[in-house]
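Input: one structure, supplied below.
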Amino acid sequence: MTRKRYIQAINEALFEEMERDEKVILFGEDVEISMFGDTTGLLKRFGRNRIRNSPICEATLTGMAVGAAASGYRVVLHMMFSNFIYTGFDAIANQMAKLRLMTGGQIKLPITVLAGYGAGSSNAAQHSDTNHALLMQLGGVNVVAPANSADAKGLLKTAIRGDNPTFFMEAVGRGGEMGEVPDEDFTTPFGVASVPHAGSDVTIVSIGTMLKPTFAAVKVLAEQGISAEVVDPRTLVPLDEDGIVRSVQKTGRVVVVDESRDRCSAASHIAAVIADKGFSALKAPIKRVTVPNVCMPYAPNAEAAVLPGADEIIAAVLAVMGR
Amino acid sequence: MTRKRYIQAINEALFEEMERDEKVILFGEDVEISMFGDTTGLLKRFGRNRIRNSPICEATLTGMAVGAAASGYRVVLHMMFSNFIYTGFDAIANQMAKLRLMTGGQIKLPITVLAGYGAGSSNAAQHSDTNHALLMQLGGVNVVAPANSADAKGLLKTAIRGDNPTFFMEAVGRGGEMGEVPDEDFTTPFGVASVPHAGSDVTIVSIGTMLKPTFAAVKVLAEQGISAEVVDPRTLVPLDEDGIVRSVQKTGRVVVVDESRDRCSAASHIAAVIADKGFSALKAPIKRVTVPNVCMPYAPNAEAAVLPGADEIIAAVLAVMGR
Amino acid sequence: MYEQMFLIRCVEEQMSADFHAGNLPGAVHLYIGQEAVAVGVCEHLSDTDKISSTHRGHGHFLAKGGDPKLMMAEVYGKKTGICQGMGGSMHVADFSKGIIGANGIVGAGFAITTGAAWAAQLDGDNKVAVCFFGDGAANQGVFMESLNVSTLWNLPVIFVCEHNTYSEFSPSDTVTAGQISDRASAFGIPVEVVDGNDVVAVWQATKSAVEHARNGSGPAFIEAKTYRIHGHLEAEKLFLGGGPYRSDEEIESWRKKCPLKRFRNDLLSSDAACEAEIDDIETRVHERVEEAVKFAQEGEPADENLVFDLMFLGQKP
Amino acid sequence: MYEQMFLIRCVEEQMSADFHAGNLPGAVHLYIGQEAVAVGVCEHLSDTDKISSTHRGHGHFLAKGGDPKLMMAEVYGKKTGICQGMGGSMHVADFSKGIIGANGIVGAGFAITTGAAWAAQLDGDNKVAVCFFGDGAANQGVFMESLNVSTLWNLPVIFVCEHNTYSEFSPSDTVTAGQISDRASAFGIPVEVVDGNDVVAVWQATKSAVEHARNGSGPAFIEAKTYRIHGHLEAEKLFLGGGPYRSDEEIESWRKKCPLKRFRNDLLSSDAACEAEIDDIETRVHERVEEAVKFAQEGEPADENLVFDLMFLGQKP
């Protein structure tokens, strides 16, 4: 194990997978120079046949990814900020998520789309969305949201080696955070939640960027004698429903934390799954800690006010604990 | 009251609102001739200044709607099929849903977007999506899904007179269905669920296209001695959470029916709301009846197999009744 | 080429009859009148070259060597269809023949083909990709975006615009400003504008375009002027009611310019073929169409569980 | 015009200093070096005319008559800002002055401006709308779509491309094929390509373009060749690390072509103004900038509850 920055783990995964399979190609706006640091150095190593800057034309980029993948390549498309997914949404929702079915399964679409999401840097409404829930709604694409360096590396490798379109949601504001990463070649399976903190009183299901405030909350709760179990789904499609429900069966209480806007969020869906499959174990209402149904304001104080933090998580846990 | 077809009710609402306020303008692809029948006759009455065919360029149409609305017009944009919302998604998600906040409230955006949704006509994957949940996730747009002629007319009038962007989801396969419509000028308020069928044993929350199979199910259930209450939210943003929870408090059991794909659907969100606010009344798991996480196949038998119908609703109700 | 054209015509006339007899689910957009374009273009392509198509895709499918039996079964919604009944008329595709799909989203083919052309370039074995699209589709911005990328990356792609004077129910000049070919010229792409009802003219224009792309000189553009004889979709009479958007005379005038009649006459008058040969071809085609319909009718219905296997490869949805 | 240009320059140099001092949250994209474009264009516009802008929008805001105090407070994230601290640098807008907004989505202005121009046309009082956009934005398909719609509908819109030779960190010729102006010409739109560092040239080109649009002759297009002296965004040095994408010499050569210096010299050499007048202007501007900073610094922080009132009009989110 070595401690590595989140963004570095991503960069390593790209290097290793491009090394491993020469059919892997990567393109997007300014991937040659790399704004986030995730694609740094790839051009030098792999050359412009496999790493290409594109013009600004997201609608075409997503469609090209489909065309190149259907023609036998493993395509990695970097969309920069997750808000630009909207710009390229047509080929995502109408092609990427549907073409395999529509053609009767004639093709596979090994596509990995990288996009940086999340608020907290005063990037304002058009550069701060957390939109994995939209992608979950589409049905035909996988969605992963790693919360730490090891999962970032392992899930990205699984995505690139996989044969289905996968959105890899980068916690862009967390790129500098360190975490232990295995030294050997490893992949992280899709559809298996992790339990980074075991507990017995309450389950906190927490996604991506929200793990950090969740851990802060767990610490404070422990001081108050509340033992919280943290479940990190890691992949939202496929979703480890059994793993989540298993924890709830143990604790009987649950809070779901998600940086999505509340309505039709991943948190809503996870709550719905628990209210169905885990109902018999429930001792209290299922609380969601999410962004209210607004877009991100620019001013740091206003942004902080709508972004869920440890305080909101603690309050929700106390509520389901009946305190 | 007069019995009218659903599509005719929409057509009348457009006529009356354009008559009422000359700032109302309507555009989109082939709105002059009208494929669905909702815009039939408008050109003749109001002329090409106010009714305009556009080229096929959804990305620009949604942006134009924002520009024209911010400049003082009440804009009605017809997107034809709801799948084409994806094509014009950028200006919806990044502009329409955000511009008012980003400008500090300098503008209002009176925009009504019409789109036909739903499967059942073998239109295959790219012409059958039910995607109101995606729009609900955005936070900055209203979403209405009328299930009958009266609500279609009343909600469309409210949308056009309103000052916020609203997606009006037309149940395109239900255009021919008849329903009683008030003869006088009326509007239907946003955020008020209706209870088209009262009952005491179980609540069925049902949306848009799903009301028809729901009524069929209710009839069968009644024969089996089960009294189901049907709640139609009518508007998904704003959502009448209290109205829904009130019914659940009465019955203690609930099934949510939605033509969305299951993950992060309106059904998921409504279930989540109930699992929070209505928890204490719940006697059984909350079941969702939705489309599985797939896109619509073409073959009529395959399509029917994934589309929720009365049978699935009955099965879900029996499950929550413990039968 | 005549056989191909005649095959497309007969298959589609059959479909039209089938549709109006209520045998086909879903929407059907027919290519009748435009056959010379697909056939003239595809004559230069092999199975490893790729084409993308539109909602009006039967002609492209057949011209590129797709099997009429498999297509017919698809449109009938059968398990034996080329997409196992999952796609239908708007989504016929056969990747083994380089037919990467008809598409129900107007303009979707631009980017997909550009991506396929990138793959062809990387493969380095002189394959090309052809994007068929309508005049209405040329108003989608992805057209310009794809022209830009393919010029910059020097991709082996040929854009073939079938200008049939209507974009759905709108006369083209009400929704399309200027000449579409000028939009491609703006990127320095070589363009040719041809009579799309003249299969030989299409063939010739394509010859140079394909050579250009194959020898690594980058994208090329062809605009073929043509006309669709049937409605935008077969069902249009049902819902457009009393609102015709074009005159019977107009349709009649284009019927006279029928690409099949024209090519037939050319073949006969130039002695390239004699009546008997053509009769043979036509008989053969009629047999193939009958066979296709039979195949479609006898096919098992689509498998209802298949959808769960096909959304993802090796993963449940 | 010199005063406007100097104001933009000084406000932005102040912002750059403020950013590097850690006083500004969020990303800041500066317009330094391109001032002649905004000023030369906006000189022809009144408050009822509209402009849309880009992520690099401070210059357009000020040139169109926006208040530097309100803008500065916005960038500082204050309640006193023009968008009450909700928008920030990338979203400065003042609808009362016809500034319909900077925008963080590259290319978003095309369609919004086209819609605003439609509204202007319907209003029937000879207003025009101007869309400022970068060379990189010209590769978004909405550009072509908007050219098409505005040509067809004969809309009073002027598209102003600021070609500053970079699209983010990519040299323009690596991402933009051909001449951008040719893309407009393809629609028959009148185009002018001018030296964007020459405010008089920009002014002249705009004069005819605005007249054209105002008198109902439809859209016009201007391409102004210019250069941004600062980075794509102020923070770029922090994350690009050792990877410079342009040379110091290049930047230096463009510093020499500074539009302010050039205009100042022209004014002096043509005796249109004397040193003393210019000094006066500069002193006045410095005072206004100081005042703006003070206003921004002293402003109350943004109201945290406002976001719930602003998402919708008269409705909770």
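Which chain is which? They are A, B, C and D, in the order written, and residues in each are numbered from 1.
Everything below uses one rule, namely that a residue touches a chain if its C-beta (ideal position, glycine included) is under 8 Å from a C-beta of that chain, and two chains touch if they have at least 3 such contacts.
Because the structure is predicted, anything quoted here is derived from the model rather than measured.
Colleague: Are any chains cut off from the rest when chain A is left out, and what groups are there?
Modeller: Apart from chain A, the chains cluster as one piece.
Colleague: If you average the Cα atoms per chain, which one ends up farthest from chain B?
Modeller: So the farthest one, by centre of C-alpha atoms, is D.
Colleague: Take the average of all CA coordinates in chain A, do the same for chain C, and state the distance between these two points in whole angstrom.
Modeller: Centre-to-centre distance between chain A and chain C: 40 Å.
Colleague: Distance between chain A and chain D based on Cα centroids, please, to the nearest Å.
Modeller: 35
Colleague: What positions in chain C touch 2 or more of the other chains?
Modeller: Chain C, residues with two or more chain partners: 83, 85-87, 91, 103-105, 139-142, 145, 148, 152, 174-176, 306-307, 311, 317.
Colleague: Which chain A residues reach two or more other chains?
Modeller: 54-55, 57, 59-60, 83, 87, 90, 94, 101-102, 124-126, 139-140, 293-295, 297-298
Colleague: Given which chains touch which, is the overall layout a line, a ring, a star, complete, or other?
Modeller: complete
Colleague: Quick one: in the complex, what on chain C touches chain A?
Modeller: Residue list for chain C touching chain A: 50, 52, 81-87, 91, 93-96, 100-101, 103-105, 108, 110-120, 122-123, 129, 141-142, 145-146, 148-149, 152-153, 306-307, 309-317.
Colleague: Give every residue of chain A touching chain C within the complex, in rising order.
Modeller: My answer: residues 25, 49, 52, 54-55, 57, 59-73, 75, 90-91, 94-95, 99-108, 139-140, 142, 163-164, 190, 238.
Colleague: Could you pull out which chain B residues touch chain A in their complex?
Modeller: Residues of chain B touching chain A: 58-59, 83, 86-87, 89-90, 92-94, 97-98, 101-102, 124-126, 129, 131, 133-134, 136-140, 237, 239, 260-261, 263-269, 271-277, 279-280, 282, 284-288, 293-295, 297-298.
Colleague: Once bound in the complex, which stretches of chain D touch chain C?
Modeller: Chain D reaches chain C through residues 139-145, 147-148, 151-152, 174-179, 182-183, 185-188.
Colleague: Over in the complex, which chain C residues touch chain B? Could you list them?
Modeller: The touching residues are 25-27, 74, 77-78, 83, 85-88, 90-91, 103-107, 136-137, 139-141, 167-170, 174-176, 239-241, 243, 245, 301-308, 311, 317.
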